[in-house]
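Following are the structures in question.
You will see two complexes here that share chain A, one where it goes with chain B and one where it goes with chain C.
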Partner chain A sequence: MPKRLSGAAYARPALLIPALLLLLRFSLILSPLSPWLRDDHQLASPLTSFTRLKEGIWFFQKGIDPYHGGVFRHSPLTLALFTLIPPIPLVSALLWTVADGIAAWCLAEIWRARIAPRGHDGRGVLLASLYLSKPYNFLPTVALSSSSLDNAFLLLALRFAALQQVSPSLILLAVLSFSSLPSILLLPPLVMILLAGPKPTVPLPKYSPKTALRIVAEFALYMVVLTGASRFVAGSWGWVLQTWGATVMLPDLTPNPGLWWYFFTEMFDQYRPFFLLTFSLHPLIYVAPMCLKFQHDPLFAFFLLQGIISTFKSYPTLSDAGLYISLLGIFPEIYSHFRHPLVTALLHLHAALLLPLFHYLWLDAGTGNANFFYASTLVFGLANGSTIVEALWAGLHSTIGEKEGWEVVQL
Partner chain B sequence: MPPLPLLALILTFLLPALAEVGQERGQRQRQGREQRGEQFSESLTLRPLLDGKVHTRFAFEFSAGAESGTGREGQLADGDEDGDGDGADAALHTTLLPLSLTQLLRTYDARELHLSLNAGKWDALRWGNPSGALRTGGEMWAWFAGESALAEQEQGKEGERVNAGEGEGSPWQGLTNGLAGLFCASLSSQTVQRTTEPLHAFRPEGDLPSHPGYRLFHAAFPSESVCTENLTPFLKLLPCKSRAGIAQLLNPHKVFSADWHGVGVHVLWKNDTLGLGGRTELRLEVNAVFDPVRVSGKRDWSLRTLFDRSITRSCPAASSSLLKVHMPTGSASGHLLSPPLETLLTDGVPEVVYDLSQVSEDVDISMRWEEDKFDHSKAQFNPPELSIRRSLKGSSGPSQLSVILSNTLPIPRRVLYVETLPWFLSLYLHTLHVQVSGVSRDDLIQSLSYLPPVSPKPTLLELTLLLPPQSEVHITMQVEKGFIRYTEHQPDASRGWDLPAAVVFPLPPLGAKDSHSLPDSAEGSQQRIYSSTLLVDLPTPDFSMPYNVIIMSSTLVALFFGHVFNSLTRKFVLLKVDAVEPEKKAEGS
Partner chain C sequence: MSSISRLKSFFKPSAGNDKHVARLQRRKRIYTSIGRVSPYLQLACYLIGILWIFAIPLTELGKGTYVDENALQPGQVSTYWDWAEVHAADRFLVVLEGMREANASHQERAAWLKTKFLELGISTDTQAYTFSTSFGEVHGVNTYAFHSSPRTSGAEAMIIAASWTSLTGDPNLRGVATVLALAGFLTRYTHWAKDLVFVISDGYQDGMEAFLSTYYGHEPKTLSVQPLTFDSEVVWTALSIDYPGHSFSHLGLFFEGLNGRLPNQDLFVCAQVIARWTGGVPVILHNTLDELRPDIPMPDWLQWSGAAGNWVWREIVNRRALKEWEYRAGNVAEQAGWMATGRASGVHGVFHQFRVDAITLFARPATGPHGFHSLGKLTESLLRTMNNLLERLHASFFFYLLSSPSTFLKIGSYLPCSVLIGVGCMIGGLRGYVDLGWERWYSQKANDTKWLKRPRRLMEGVGALSAVASVGAVAYLHASSRLFAPMLAATSPLPLLPVILTFSLLPPFIVLLRPDSKATAPLAPMVKTCLLFSLALLIAPLSMLNFPLSLFFALLAIPLSLINPSSGLLPFLLLALLNPAMLLLFQNGRDAIRIAVWDWQVLGAYALPLACLIWMPLVWVAQAVCIIQE
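Coming up: the complex of A and B.
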């Protein structure tokens, strides 16, 4: 187990920045800005929208099955959580702020676990501050999109994995896969991190299949227990089709920054099942190759797969991309190996400017049409894709390392 | 070439004689029919309105008795399906009731049916709220009975409840298709998208036998219009077509240029007082609101000016043929009805009744006002006791649906408010708020039943409210506008979708009646108040893009896949850089 650094090791003035950022989002959630952003399609998808969550809670508290009809698509676990906490804005604001705080802290912790015991951990605070200040993470939190909570779950699961704490990590991933089904693909790299640790190891680590199997069995157990709990909360199996089913079948074609919605709005009806299958299975094919190629650094494989899921999931929000870009900060060693960093950065800038603009032009001003927003989601997809490709390339190169008088070539 | 003028001349002489013979025979037949329980009566009600317009309502009423003991109470003209021959034969023989319609009803076991097709906007402030369907567009609802409905209900309980009873081949679908064919209306194209099963609204207007298993289906077709092609098959159902009786006045050119016009078909089952048998009542209706002021600047009207036709002979099949004129009250200037007749008071309404069962010459009835010009500004309108206004606001994000119900009476009123929305509009019920003059009054909601939309079936919201005396109740809720597939859009997608009218049913005060008979069913035609229809603008995709989108999105995925697997399948090695011989390095790799 890596050595934990005490709080005294933080540079105290630097801690002010994350604290201020948290305070800012807390006050903004309580401000009128939050209701205004709440139904923005880029910040909250039908699976994560706070308005729909409130509708589901309303039904649940009236004793009506909230999963009848197509409005409520949050997981029963989320439903259970929110029926327990009092429905006042202050509590929601606190919950989302704390979740973001935990996510940022986890990011710093993961970084520390990766570099320990080398320890120049000023970067941890920097990573946390960047995570908290990035609009892709900041705005969904202000909009009370539950994707911010999903991010917190994912980072917390990763933190526990980095600290070799098997059960908390697996429980958190299981919980996460109830609100975001594609995240279940992160299980293989997570198991590898649990087995080999978060640091790159030069001789390939020995993965014991027996332990791996035990971990997977434990995860399966948690999934079964949580499924049972969900069935208990929801009272019927209707939630399966409305939450997990929606991820695969895409019944709600509300625009989002992802690639699915316009594709399936325009899809010919007879090809719909085929392309739904293709799009659903597409991220699956990357899991094994990534894990095999990055056996020496499972955290990097986790990062790449998280990027692929963020880019290709059916109901992404901006916070998915935000999380992926934030995770990039954990791997500073690859920066020098980027091939086209400028192009990628410009693509991101381009998308960040075009997405809100064209969304507004299409749906509010009525002066643009759907193609405008579709084009900007394509650019966004291209930007995310090229980031992954860049990171993959740089990650493969940085493994080899550099030596004076030697050059890395590919065979 | 046969001598046409000669033929015409002969016919001119012969026709009156033939008509007389026909009339005599008709009378004999009528007596025969009445013994067998079939009756036909017709009436035309003219109602001068406060703003100078004239509301005309044609009602053609059929009634057919059915004896009990056939084991199938309530069935239209008791279809004998046991196969003892004479029963079936008798049932299929109708002399007055239109066979095409009764056959449909019998096939699908429909006990009560209401179909109306209207065009125009009903102005409740100026025209009042008379009973009857005044919904803009098409509306249809039917109560189904018998084993088929029962069987489906049981099936539905076990298995899929979603589609039971309204899918392909169900009685409802069959009846809709049949009526669409009969009246040349495009009702059947969107039945599933339009059909709801209200729990509280649209109670039967007639009597239904007491055993369970009766199911109600309702559908509203807000964009369905009505035109000559609907009236022609309608007239064919009448025993005298449009050749005799008051149906002679139904001139499509005039009716369909009226401010409001529509046709309606209503079938009811009424029990006998003894409860042994009952009778089927069929009412065919044509409603039109004419505007004589538009033509002459005056309120004066006559049958000739309204319809450009007059009644030349009576329908021999009709047992009664009445023309009623409601006399205007509370108007300053005098009016003159000709031919003059004594004014009677029926249900508090002064009216003049003309009997048209023995018409020997052209009948024209006219009303003249003692004024040179009708002055709109002097007209005094009494706001209706109950009224509803509805609007939808907002562009992106959830829109706000606001409904204003106003009660002008000094007593509280209970009402049932029914909202049906297409599946792509979902209500956020947690945002449902009731306000009275700015003060939140959520306690006014007495009961709420809600059926969330399951694509492609519509949302149904039924809300029982208590309206305080002399108040305006504001109901607001947020509505999420969905995004639908490009194939689900209408051909004229940019025009928007018509939302069906909301309906308000006045309810008896709580405790006055058994709670089961929510809206008063015993009083015959229950009052309903319809809001206007709304047009909702849905964001549209580009309909020319399918190929482009498939190509571009797939290209992106393929590019990514290619790059990733290109990198993943490569092997990187360190190679000693030989500064002297770069060519060799190239060879080495």
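Coming up: the complex of A and C.
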């Protein structure tokens, strides 16, 4: 196990920026801005909305099954957590701020684990500050969307994996898959990181199938235990359909920045099962190719898969894209190999302008209709897809390097 | 060589090579040709965009108006408004005219209106309000009355309103009398499925703004206002009645709201159909008569041209199609003017922000032939039509330009002109960005030139842009301060000269404060590239929100995007002429700015912040591009 790096290695004055950003979000969560943003479709999905969470807790405390009816779709683990710490403003503000702080810290830690033992420059703090200042991460936190907590779980799991701590990493991923089912697809690259470390390696590392199997078995054990715990908390099996089921069956067609909702609002019922199956299974096909192609750098495979999941998941929020863009910061070596970084950046800028604009025209001004917002989610999907393709190309290209007068034809 | 084989050889050069080499060569060729044509493509975008603007008034692009919502059925009811109601209105008018003569105070007027509503048996009250602006305080007293729907409880509401001041600036006495008579008349019937709310608002638009912001609970900080005693449901439709003259000849429809918002086109079309067929009143857009201009006689100094000149005069200058075009262009230009400046063309304009479809029925002052009889009749019929609504009017019928009372342009036929110019900016920006990444390197030894990659100064460019743009905040704070407001009353531009010079010349020099850089790439083209990207990002999305405004920025973008980096002081000074501060040089400009400041502080129309925070900074950045020396 590599030596853990102490926090004292950071330059002290630089830490002021993330601290200020955390303070800012803490105060904004307590401001009237937060209730105003809380039900925004771009920041909180039916699976992550704080309003629904509070409703579910209220039902639960009144002895009514919150999973009865279609309002509450948070995992029983989240339910248990918020029964212990009541969702009053001050506590929630603290919880979400701490979660974001942990997420940002984890991002810096992952970066340090990747470049160690080379000296640590200020980039860790920079990454953390960027994570905290990005509107895609910032606004969902202010809206108290539990997608920010999911991000924290994911980054924490990844951090433990990068530091080769098998059990904490697996437990966190298991917890995460209860609130965000598609994240379970991240298990293969996570296992690879646990086996080979967070750094790119030449020659290819030898993955021991036996150890891998042991890790997967451990993960399965956690899943079983947590499922049991959820059954115990919820008191019945109703939560399975309401949480995991919702991810695959899309019962709630509340708009979100993803690619599913509009497609299924327009669909005849007899085609629904087929397309639900197609949409749900589609992300699966990326797992094996990514893991095989990036055997030398499992962290990169993890990053790409996270991007694919955040683009194609059924109930995404902006914080999913925000996490993916933030993770890009861990791989500065690929930047010079981007093919069309500017086009991608401009696509993202356009999406960032069009999403709130068309959302406003449809649902506030009432002058537009659903097609407007759908069009902007397509631009957003295109921007996300283009970011993935860029990163994939650049990641493959960077392993070859550049040579004057030579061009890469195929990777 | 046939064109197809030429095309083939373009995509598949030098046969016999490795297929990968062929692919690379093909890609290179495509990239090179894109790079080569991009300046022309950019200019073509600009050119087509501008030509498209001139095409907007063409009859071929327009479409006849129609009613989209089947439930409305305009003009299908028997109306009951008759001479008895006209007589009632006349009696109200006598008192109102007496109050105008006696110079009655706001309170006296409101108290009298309240008594009248009470006599009619409708719940009523008055509401005093005060707006504090940098020009001083604006006081007024509104009177409002609520009549609950006899059919269903908790229904939606319709507002019938008249402001004390007409949009012509005269007192709207007959408008107020019409609303009072309507209140007495409409409440006698049981077919209303919506609550009826009658509002006599004080002032011009300020009274209605005060009433509506209280009604919807959105009081701005600058407003202190009495709460409402009565309350109704969500308002769907509102009609504002504006009748300043003695009689009227045409019914002018005003529909542009604050910040470029429009009511649903169905409301406009219903008003037009009903006025024409139920009221028998010809309908015009705004205050423009639907007449083509008379022939222009050929001037004497052109008489020498003989037959050719006559032909030009007959076939072009006095051609009917051209006159038609001019008439439509005038209508579109007036609508675009209201929308781009964000001003409301009547009292109806303050409704749209609360998602209420509203228009003003303007009785164009004339000696005849119409009066209370036709106005009341068509208002009754229009209210009956809107009463039919079971759901809100359809979305996406909110984007239109009206070229005449009976023709309009759909979004697809006008949107391309500003979007094309935005695309042109984007192409220019992309080309600038690509160019900045390369440097021609000349080796004397080998007598050979080579293209080398060089790092771009993107972050510095963005930094310079943000630094210059942030000065806009200073301009905004100054323009909305109590210091600036009295200066606008000046009749000569002299006292404003320091302000004009400061805000049109100084801010771009902020870029000279930048830290030294060892980078070889030039900074000025980078700033220009960033400017082009910001313009493209501004123009395209804005075209959906407020098309004329986006067109304004598109037209501004053309000179800004054609400047050469580091081109010195002359273009710098020429650009300064595009600065909104230049408006202060002219009396009309000062008036416009005074209205903009007032509209922003009272009604929340965003012309002032827009000019200070977007328009000015765009010009400054372009000026900065001129003066950055490498």
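Keep in mind that, in the parts below, the second predicted complex is superposed on the first by the 398 of 411 C-alpha atoms of A that agree within 3 Å, B and C clash if a C-alpha of one lies under 4 Å from a C-alpha of the other, contacts with A are read in each partner's own complex, and residues count from 1 in each chain.
In the analysis below, a residue touches a chain if its C-beta (ideal position, glycine included) is under 8 Å from a C-beta of that chain, and two chains touch if they have at least 3 such contacts.
Model, not experiment: these values are computed from the prediction.
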Between chain B (first) and chain C (second), which, if any, makes contact with A:Gly366: first, second, both or neither?
both
Please work out whether A:Glu333 is in contact with chain B alone, chain C alone, both, or neither, and reply first, second, both or neither.
neither
Does chain B (first) or chain C (second) touch A:Phe358, or do both, or does neither?
second
I'd like to know which partner A:Glu218 touches here: chain B for first, chain C for second, both or neither.
neither
Could you say whether A:Leu349 touches chain B, chain C, both of them, or neither, answering first, second, both or neither?
second
Using the touch criterion from the header, give the chain among chain B and chain C with more contacted residues in chain A.
B
Touching partner for A:Leu259 - first (chain B), second (chain C), both, neither:
first
So which positions on chain A get touched by both chain B and chain C?
362, 364, 366, 369, 407, 409-410
If we count contacts the way the header does, which residues on chain B are in touch with chain A in the complex?
395-398, 423, 426, 428-430, 450-455, 459, 478, 480, 482-487, 539-542, 545-546, 549-550, 552-553, 556-557, 559-561, 563-565, 567-568, 570-577, 589
Would you tell me which residues of chain A are touching chain C in their complex?
342-343, 346, 349-350, 353-354, 357-358, 361-362, 364-369, 372, 407, 409-410
Which residues of chain A touch chain B in the complex?
39-40, 51, 54-55, 57-59, 64, 68-71, 251-255, 259, 261-269, 275, 282, 286, 289-290, 293, 311-312, 360, 362-364, 366, 369-371, 374, 378, 381-382, 385, 388-389, 392-393, 396-397, 399-401, 403, 405-411
State the interface residues of chain C toward chain A in the complex, per the touch definition above.
20, 23-24, 261-262, 355, 392, 395-396, 398-399, 426, 430, 433, 533, 537, 540-541, 544-545
